[in-house]
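Each of the next two complexes has chain A plus one more chain, namely chain B in the first and chain C in the second.
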Partner chain A sequence: MSTGTTTVDRAPGLLAERQGSPLQRLARTLGTPGGAVFILCGVLLAAVVAANPNFGEPGSLIRFIGRTAPIAIAAMGQYFVIVSGEFDLSMGSVVTMQVVISGNLIGQDESRILPVMLLMVALGILVGLVNGLATTLLRVPSFIVTLGTMLALSGLVLYLTGGAATGNPVDSFRQIGRGGIRDVPVVDIIPYPAIILVALAVGAVLLMRRPYGRTLIAAGDNPEATHLAGAPVWWVKTRAFILSSLAATVAGIILVGYAGVHPSVGRGYEFTAITAVVLGGVVLGGGRGWVLSAAAGAFALELLFTLLNFLGVASTWRDTVQGVIIILAVAAAGKAWRAGLRPRRRDPATTAQSPGSPAGATTPHTPGSPAGETTGPTPPVQGTTTGEN
Partner chain B sequence: MRRKMLTAPLAAVAALAMLAACSTDDSLDDPATSESAEDPAGEEPAEGGEDEGEEPAEDGSSDDWFDQAVYDTQYEQRTATFEGDPNAPHLQYIDGPMTDTSEFASEGAKKVCFSNASISNPWRQTGWITMNEQLKVLQESGVISEMETRDAQDDDNTQIADIDYFINEGNCDAFVISPSSTAALTPAVERACDTGLPVVVFDRGVETDCATTFIHPIGGFAWGIDTAEFLVDNLEEGDKVVALRILPGVDVLEHRWAAAEKIFSENGIEAVDYFTGADPTEIKKIISDELAKGDVQGVWMDAGDGAVAAIEAFEDAGVDYPVMTGEDEMSFLRKWEETGLTGLAPVYSNFQWRTPLLAVEKIFAGEEIPTEWVLPQTPITEAERADFLAANEGMPDGHYAKFGGEDLPGYPQVWQERVIP
Partner chain C sequence: MSTATTTPTRRRAPVTSTGIVFIVLALTIVAGAILTAMAGRNFFSPGNISAILTGTSILGFIAIGQTLVILAGSLDLSVPYVTSLTSLVAGVIMAGQTSNIVLGVVVALGVSALIGLANGLVVTLLDVHGFIATLGMGLILAGYLATNYKGSAGSAPRDFRLIGATNIGPVPVSTLIMLGCAVLVILLLRRTRIGHHLYAVGGNREVARMSGLHTTTPVVMAHVLCSVLAGMAGLLLLARLSVGSPTIGAQGGYDLMSIAAVVLGGTVLAGGKGNILGTLGGVAIFAVMDNVMGVMEVNPFLKDVVRGVVIIAAVAVYARRTAGRPPRFGRQSLGDAALQEAR
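Here is the complex of A and B:
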């Protein structure tokens, strides 16, 4: 509804995100749900630091990034599947399986680290392949397929562990998740998980800019059209499932180091990852969203949990408060999408922006207009470009 | 079209989000037990003098789980005299009312039906292994023909069905029940009692005294008293303790915290509690956040599972070790020794898993047994730690030092290999 304060003229053929000055483009991006999550992160971070100034020290912040890395990596993996229009519920079980396998197979023997890691990667690929092929070729809904994989794998874990912790693997392997580059000026330590996260984030962004990424989003937006355009949708989606399982594998390797072996490690990861992805403005059903927003969604979630912790919410209430806040945040994001889409439908030529109110982007009102814009005023290209890349 | 469909997926995600937020909890918790489940331990006659300087000022915690009478009883029992051979603590008991079992006396090998709450934590797994070794001995001596076991996997409904199955089709000579929760299992245990066969209940209690014997260590309050007093002794007023709790709603765990919370508040210790689901990731996050908030001088745990992750969080943050209470799990004992922190390993006597089958043996021999069989429950102190570490050398991290199976034939390989039967 809100058509903003200023109207910018632009050539009709040009993509929205290519228009305007860099500053305007940034403001527009922050107005979308995928961009607003970064503002949400900033607001939550400010709130956390206000509640506890110690948290704002560089050393604390970098440690926070390190410990949030596994869930952010999992969220990026989940993003590939969700943007292609599917779900991966098996993620948490894959994490647990990998954690237990590394504990059981590596043990205290350093020479086994490499072979076991290769085995874990192979298992990750296998799980993704099964999920993907069952979804695409057998046409079982991915919700059901991955639910089945989840149960099968958690049963396997129960069988392997009897449901209780076994010993931790050798410390040198755990350094991946626990250690870091020490004696760094200012931040004191750069945790390896943070480095892995940055590397994977760069890789994910590059991948989404390549033809594979474009096709993946197209497959999520409109599988029929993508198929007719000649793309092997089944293989594109299957690879998304493999990426998701591999992300879970990496998260598992980090978590073994960070936390140690326990059958509860990874429990609920699939839901946390999906929540993070949606909080990052990625549309369930596929076709829209930015991979880094998914990672930012994970950070927003973790910041929220930390904030509740610092505010001293009683342990019995914490889950409830978390749940309510997540619903509100997701509802606000959904409202932003709808509000953003309406004006475009009515009047595709009209473009609008509200650069003066980026802070309000988390509320349903202001981000509306720019959100529609970034998906482009020319509907035919929306599927392949998805705006926020 | 897509636009209109947005609402439905968002609703779905909202539901998922709720699940995500709740998923730190185990499915185990059962709110039904929260009606201040009277531990039958409360009926234990408290002999001897009154409380020693631990005068309860007021019920500061206003906690549903706190029961002053049971607290006082268990306070006394910690220093009570136990009947029987100290070298066989699994057969020791506090003098009290006895059950006459002469009506059950009979010859021949008997079939035991065991309804188990679960083997979903290392403590129960260790006990389960010990129980099976004890079973082998009794099978060889011709006391027990077989033991049929049903594992309820922490589900009250499953366990009720298991018990009813045993009653109707089990062809059992005796029941052994380790209830998953207090209130919910009471009717099923009563139905088992109604069969007229001997019923042995152990570990968590039920709200009926119909069982032939109820076997348990002193109890959760005793754990809470031991641990909290240790922390109070080693900390100063105003110090902060982070309490890491597995999950809400299980009586033996709630009693531990109820007692500890009371003692902390009476002694000016600032205690903040969290539910962790024993997930080391959660534990590390909680400790990291607490350390970011300010200094933490103490860590209290209602079970040792995850203690190592808690200690590691202090290492990762590069701060001094806390004063800490864990459990007699090997992982904690080893880390405790390695780090040299000031600690205590409270014990929830794992050797109690041997007692039920030996009780069955006594019942069919017609020997009288304690109606409420209270087993010793003594924490491991720093002075004793080396002995227990040496005695349990080669045992896996999930093993419990006071498992009490040293004289069983499978020792030590069976526990070292830790193959769950």
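Here is the complex of A and C:
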């Protein structure tokens, strides 16, 4: 959460995140929206197990993780874009495109798996590059750019397939989404999607700790300041779009195994991913949030659906419950972010030297829209608020 | 992302963004006329003009409302579901009886106003981003619609259907109603206090608050009006189809298409800058494009491809142009900027 850019000349422990014992720090983290989503996951999991004890067995839990992997991966990809202050609405269409490509180009020929996968990755990079460059260099709002690529890609896919299911990739390719390492003690099977998810999660966490991740969060928080600090904001954001499209590509590869080849696979994925990311406490408008919280948001969402399923709620009400939950979660998260920010500013020593103070902890930057609307009532304490971000 | 991060050296270009929208519209019409002529038809025949104007009316209603919400710095993704819901509510109440028309219209618009009120209150009081608040509201309505309506329901009496079918010369009545609403909203934005407050709050809510404005009122009003206008679109769809349908809004993709039309019309997605006239231009561009592609018998899926490319390209034209402008809240004092926005 905190970007941890504390300067040397200040007293140690200036950042509230760095104070206290590890246990206290953990407790405080769980109090933030990004931490609370893990508690939410735990509560939902307990509720699901209470509704259906079979779900608590390791074997079905790991299968659940495998089932949730594609949406969690998509959420992590969407996280990169959202934390940099943008949107990626083209994600669902990229998933659809990759699913249809793999179905039609691989066919029953195993030797084609590798080249086609390379092609899919290349196309994913291309879509991300187009989204990113149009957003950053042409300065079209990302909402509009990715809406345009969404329309263009889904139209193209529907045109080429005629809207019907076509093609069927060879089974060994579908094993990526369907299969797993068998005969494992305790859990019986470790699905490949779960392994991919863990690997990507570790990679994403490491990436966010690298200079790139720090710059990305800074670019989402205040692009102008980041630009003035010498970072190539356009390239940082473009790479975020590429990561998002690549995540959609991976989700598509996994979904081929689960869902088969149909142009409706992936429909609505962008909004589910955004919902998961927001549920994970990541602030729309950028600059705040943890990548694993985004993945946890996806798990919370899936657990919620599973719970509704077990409780016998008609599937048509799922949307309604989801709508209520995301509104409440975001409202609660917004209050929590502000509540968590206020007390720290009471110390006059930290507020006096506000310009250039540690970014994540004390900036009175409120959650805003991707393009500079300031939503929350910023406490007018520091007077350094810029109108745009 | 919309505001300039590069050095603000160039002065403001003399052409307003609304002017550019209408230049683009003129180019679209010229291109459309040529393409239509190549297909052996007359673009300017009364029938075709009537068809284009009919195509503007439904998206026009929704886009006018969406403009208000976007100017206020929010978004409304729940409009397609409001549209479906009002078409069903009004259709079921009317049930083919002419005497029930008024009741049906009033109840339907009342329901949509309540939905807009809920949106506005969630956005302002709970401080939920408009994207999430209305996405959630859309999901809530989608669940309600899917649970309670298995298919088309209700029926519109003949007198009500006439609204969708009557033309005055080449101009459909529905388009005239839409333009009437547009005029009312333009007057609201230009001539009333709350309209100016809407620009101020959308431009910078914090500055507006510190200037002593009630920041919640304009935002709530924008959401209520947006939902009511979406409700009117639903009523018009009911008049055209004579039955209410739970999927008509989602099929139209009115949420994203209306946002695209608004941005195509030169309104800044971040709020505080833009106008209704530009939005009407954006809607007209879409309508002309659809009409031309219809005449040329373009594959309906390819239409989406063309739409997507045109949206990006058109917005890029003036997004690049505004890139050279001085930042709205840069070095000048914050109050000046707010005044400038509220002009």
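Assume the second predicted complex is superposed on the first by the 327 of 389 C-alpha atoms of A that agree within 3 Å, B and C clash if a C-alpha of one lies under 4 Å from a C-alpha of the other, contacts with A are read in each partner's own complex, and residues count from 1 in each chain.
The definition used in the following text is that a contact is a pair of C-beta atoms (placed from the backbone, for glycine too) under 8 Å apart; a residue touches a chain by one contact, two chains touch by 3 or more.
Since we're looking at a predicted model, the values are computed, not measured.
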Which superposed partner A:258 touches (first chain B, second chain C, both, neither): first
Chain B versus chain C, judged by how many residues of chain A each one touches: C
Touching partner for A:293 - first (chain B), second (chain C), both, neither: neither
Touched partner set for A:134, first chain B, second chain C, both or neither: second
First, second, both or neither for A:150, with chain B first and chain C second: second
Chain B versus chain C as contact partner of A:267, first or second or both or neither: first
Contacts of A:316 with chain B and chain C, given as first, second, both or neither: both
First (chain B), second (chain C), both or neither touched by A:178: first
Touched partner set for A:330, first chain B, second chain C, both or neither: both
Contacts of A:32 with chain B and chain C, given as first, second, both or neither: neither
Common interface residues of chain A - those touching chain B in one complex and chain C in the other: 163, 271, 274-275, 278, 284-285, 316, 319-320, 322-323, 326-327, 330-331, 334
Contact footprint of chain C on chain A as seen in their complex: 85-86, 89, 134-136, 138-145, 147-156, 158-159, 163, 223-224, 227, 233, 271, 274-275, 278, 284-285, 314, 316-327, 330-331, 334-335, 367, 369-378, 380, 385-388
Chain B-facing residues of chain A, complex: 52, 54-55, 60, 63-64, 67, 162-168, 178, 255, 258-260, 262, 264-265, 267-268, 271-272, 274-275, 278, 283-285, 287, 305-306, 309-310, 312, 315-316, 319-320, 322-323, 326-327, 330-331, 333-334, 337-338, 341, 345
Complex interface listing, chain C residues touching chain A: 1-5, 73-75, 122, 126-133, 135-144, 146-147, 202-207, 209-210, 256, 259-260, 263, 268-272, 299, 301-305, 307-309, 311-312, 315-316, 319-320, 322-323, 327-330, 334, 337
Chain B - residues contacting chain A, complex: 2-3, 5-7, 9-10, 12-14, 16-25, 118-122, 124-125, 245, 248, 272-275, 277-281, 283-286, 288-290, 292-294, 305-306, 308-309, 312, 316-317, 331, 396-398, 420
